[in-house]
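Structure, as structure tokens:
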Amino acid sequence: MQNCIKNVLTLIVLMFVVCGQVAAAENAGTTLAALSDVQKYERAIHIMAMLLVGFGFLMVFVKKYGRSALTATYLLVSVSIPLYFLKENFYGFGGTEGLIDKLILAEFAAASLLICAGAVLGRLKMGQYMLLGLLFVPFYALNEWIVLNGGLGLVTGKVVDTGGSIVIHAFGAIFGLAVASSMTTLKEYDTPIECDDTSDRYSLLGSMVLWVFWPSFCAALVAPADVPRTAVNVILALCGSTIATYFASVKLRGKVSAADIANATLAGGVAIGSTCDIAVPGTAFAIGILAGVVSTFGFAVIQSRLTEMTKKVDTCGVLYLHGLPGILGGVAAMFVVSGINFGAQLSGILVTVVIAAVSGLVSGKVIAALGRRSVPYLDDEEFEGEAVEEDEDQPCVVAADSI
Amino acid sequence: MQNCIKNVLTLIVLMFVVCGQVAAAENAGTTLAALSDVQKYERAIHIMAMLLVGFGFLMVFVKKYGRSALTATYLLVSVSIPLYFLKENFYGFGGTEGLIDKLILAEFAAASLLICAGAVLGRLKMGQYMLLGLLFVPFYALNEWIVLNGGLGLVTGKVVDTGGSIVIHAFGAIFGLAVASSMTTLKEYDTPIECDDTSDRYSLLGSMVLWVFWPSFCAALVAPADVPRTAVNVILALCGSTIATYFASVKLRGKVSAADIANATLAGGVAIGSTCDIAVPGTAFAIGILAGVVSTFGFAVIQSRLTEMTKKVDTCGVLYLHGLPGILGGVAAMFVVSGINFGAQLSGILVTVVIAAVSGLVSGKVIAALGRRSVPYLDDEEFEGEAVEEDEDQPCVVAADSI
Amino acid sequence: MQNCIKNVLTLIVLMFVVCGQVAAAENAGTTLAALSDVQKYERAIHIMAMLLVGFGFLMVFVKKYGRSALTATYLLVSVSIPLYFLKENFYGFGGTEGLIDKLILAEFAAASLLICAGAVLGRLKMGQYMLLGLLFVPFYALNEWIVLNGGLGLVTGKVVDTGGSIVIHAFGAIFGLAVASSMTTLKEYDTPIECDDTSDRYSLLGSMVLWVFWPSFCAALVAPADVPRTAVNVILALCGSTIATYFASVKLRGKVSAADIANATLAGGVAIGSTCDIAVPGTAFAIGILAGVVSTFGFAVIQSRLTEMTKKVDTCGVLYLHGLPGILGGVAAMFVVSGINFGAQLSGILVTVVIAAVSGLVSGKVIAALGRRSVPYLDDEEFEGEAVEEDEDQPCVVAADSI
């Protein structure tokens, strides 16, 4: 399989060297437009911090899995960004955006892929993560084209989704769940993935990096004059979900769960995505609170029941952090935005769910055909050196009803 | 008490949804003013990184307390920013600044609150931290209004405090000391708060994040043309305090203390605050050196004596990192800035000290009335899972003369 | 020796207070030029994050050395930036750049110094690191002046090196190797420097921070209109080296090495430096792949042989991350840039290698005269508290053939 992936990547490199000749910018000197592009660049760097440090460390909670999670993050980003970029440069398919817009769109694709990978974390080898990236990006681009650019005429009218609640978060989460469901077997289900509490601080580091730069994610492509409002809305939504997560976690579990704090606090950012540049601050705060409650409820109540019912494992709980809050955000737009095209918004959500589910199921089968894990993956299979034993006082398991 | 706080927060949410309707920006397109605002936004994001990752991880040195410190950071930020924002939108009280200026002012309030919380770290439950935030912000805003905007006519003339040495750092530190002093009892004093050396690297991570983004904190609201000079001054001041801290630590203790390095290195940033946009580089460097020496002297010499004398504990030593260097910075302005209004500067400092002390004492009584700790707080009281035992080779205790 | 360094530093402080009076900026208000400078400031902050958090944590892999590595990083940055700045303000020697350009040039010097220090990590005391900084910066500035500004007439014509592959990376690495070679003895060689796997995640954190902000390093001084292209080139080069590192590591070692992932992934950024604003994306990607392969080959194959052959240790392997990829980048420019001055480019590289080697040898002798280590340095010699014992399942040693 290693060879197979290597061949595909080699092909991509070749195509890229041949086709990937982005026309050199021809701006000269310091103009308002050039400065505005540099500001987008700043936000693109913030998003990169979210992709590598944010998502990477948020996933370092699986036991004996730190090196793999971070290496997988590196590889997923490095495969998806050039691949998406390549697509942008085929005539007729690539948009007319400037170079930095294309970079940001490529980062969005990488973000969605990392969300997707969270669902199968600990079940894939490195090569399979790369394969997942190669399969994911074309489907992601297809959905983006259909939902946001009217491709194939399936969605008629404007879908409100500036910060990607629907096409980035919900798409990635559902694709990942479909991959997990088409890959895993009953035997795998019985072998829980252990996480360890010593990694809490790493997860919280990742979580905080995501929280901090989230406004740049949502405001990445908005006009300069709309950046302040967007930023304030995103920050208020995140404040709302953070406070709500604390109260919901105490209420639903009796004690606070550090995993809830690391994850559900971010649900406000996910849900405000669709309306981040349109909502008024009070509404943004309220959407954040709602998203925090829904997400914490998902982690604390739904996760264990759904896992037992379906016998499928969603390692990082992407359904509860990205799936449900993403759809919530897309639906909230119908209540918040005046003059919204209800039909377009609704069909945008539905099309996204369907494409993600179907393409995820197909991708899962392809990946499984190239090697399937009956037991969870440990660092030391692919990495030099033994997996480091952390303190084991309090192993928690991400599976079955033991959650 | 949980209910009490929940009710207060609910009330705030309601007020916010009703009143917090910030007028939508009406700029159109890409103008110099809009680009300038986006640049302020960039600095606002840098400050957010300081608040969550910086302050959060700097506080992860108390034993068995990692999750609590980070969760408390999340909650303090999420309570204070919307609360301050709300205040800004009441007619007649809120300033005339733009939206992004208000965000930055709200972040300043959150920074001051986090400093304050450092004094009582490990003594409060999560709900009490939120209550602390609810009490702190109005007093902070009152002091800011009196000292910087001439409120009540108590301070007549301009107080030089661009980067908040006085109104942010000194205010937060003194408020925190007052809370600690009005809350803690002799019995609490006898139970030391343990810290563990394995957390050094986390503390240094937090410290470095604060160091890196400190120029954006000080330059957040200065005019574009003044940003370069401000940045260079802040960086030189930080370089000065870093070098000075190393030599002072070796001199005063015989060996370097990693805690000195994590904390006192930042004193230059605190002290240059008042004059960051006015000083020449040589002066900035000198102020940094002075602040590093004062702060290290505080940690290495004063702290243990004062603790024994007063029988009160300042967990993070905020007096030595923020209190003394903050006042130093405010006083330094009287020597550095030509044409400064001595009376205004001096009364600005005195008013800040008095308001902080009085309001801190009152707040401490209120919080103590809602539950008082006779022993330091451990993660596992409120958090799921046992507190992880770190290696315990070298427990250090933050209390009494054992320091 | 402590006294000696203190005296030198005191002298510098005095000189700085006297001479370091940068003329106050006289721009007024918000102009395109002022906004452009603020954008450079943003990139300067990104570079600062690389210097402290990036380089600092990348070096936290040496056993019992976490606190020292981070403290050394703090001190090296704090010594080199004011020192380089001071030089800039002597009439006739300093350039005509604006204040923020000078700050960025000072940061470049600090970056090169940190690379240099990587070669001798774990062999110096804190005072010696500072001395290294005091010796390094003048030689660095000399080389920069000769190679980039035509100083002494040694290099005639333009050397293409926007992002510093040659004058920053290769210079720092070779200087460091020369210091190591002139300092270490056979006895030292026999005492391996141990690293521990529990620090992998810290190293990967440092690595990711470097990766994320690398585009700002390369684009720091380019014109606004060229920032997008530069950023895309750097990101594609990093993606290329990341993918290549994974495959090369598996191929050459059988399993993935986390150290390869933390280090060689960055080689693309090193190598694209020279041509970052000129190359087309396909070329950038290809340069990245090549650099990743070369760097991983260095770590996996050359390092152990060279160490055994020369009996000299390069603690962090800076030859393989910065030395070879830096020279590769400088040479690549001769193939990639049309109309390049071959003679200038080649002599730029050669001059850099010679100056770095000679000045490094001299500096090593000076430092060794002030105290030489026969055994590797442990945290607890200079720091309070015992060095924390990490889990030791898998000690790896950075020396001899045991690599």
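The first chain written gets the first letter, and so on, giving A, B and C; residue counts start at 1 in each chain.
Basically, a contact is a pair of C-beta atoms (placed from the backbone, for glycine too) under 8 Å apart; a residue touches a chain by one contact, two chains touch by 3 or more.
Computed from a predicted model, the values in this text were never measured in an experiment.
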- [ ] Note the shortest touch-path length, in steps, from chain A to chain C.
- [x] 1
Open item on the list: Do chain B and chain C, two copies of one chain sequence, contact each other through the same residue numbers, with over half in common, or through different ones?
Closed with: different
Open item on the list: Please tell me the distance, in whole Å, between the geometric centres of chain B and chain C computed from their C-alpha atoms.
Closed with: 33
- [ ] Pull out every residue in chain A that's touching 2 or more other chains.
- [x] 32, 35, 39, 42, 205
- [ ] Name, in rising order, each residue of chain A that touches chain B in their complex.
- [x] 32-33, 35-36, 39, 42, 46, 197-198, 200-201, 204-205, 208-209, 211-213, 215-216, 219, 223-229, 231-232, 235-236, 238-240, 242-243, 246-247, 250, 253, 255-258, 261, 265, 280-283, 285-286, 289, 391, 393-394, 396
TODO: Sort out for me which residues of chain B touch chain A in the complex.
DONE: 2, 6, 9, 13, 16-22, 24-25, 27-32, 34-35, 37-39, 41-42, 44-45, 48-49, 52-53, 56-57, 60, 66-67, 70-71, 74-75, 77-79, 81-82, 85, 98-100, 102-103, 126, 130, 202, 205, 382-386, 388-390
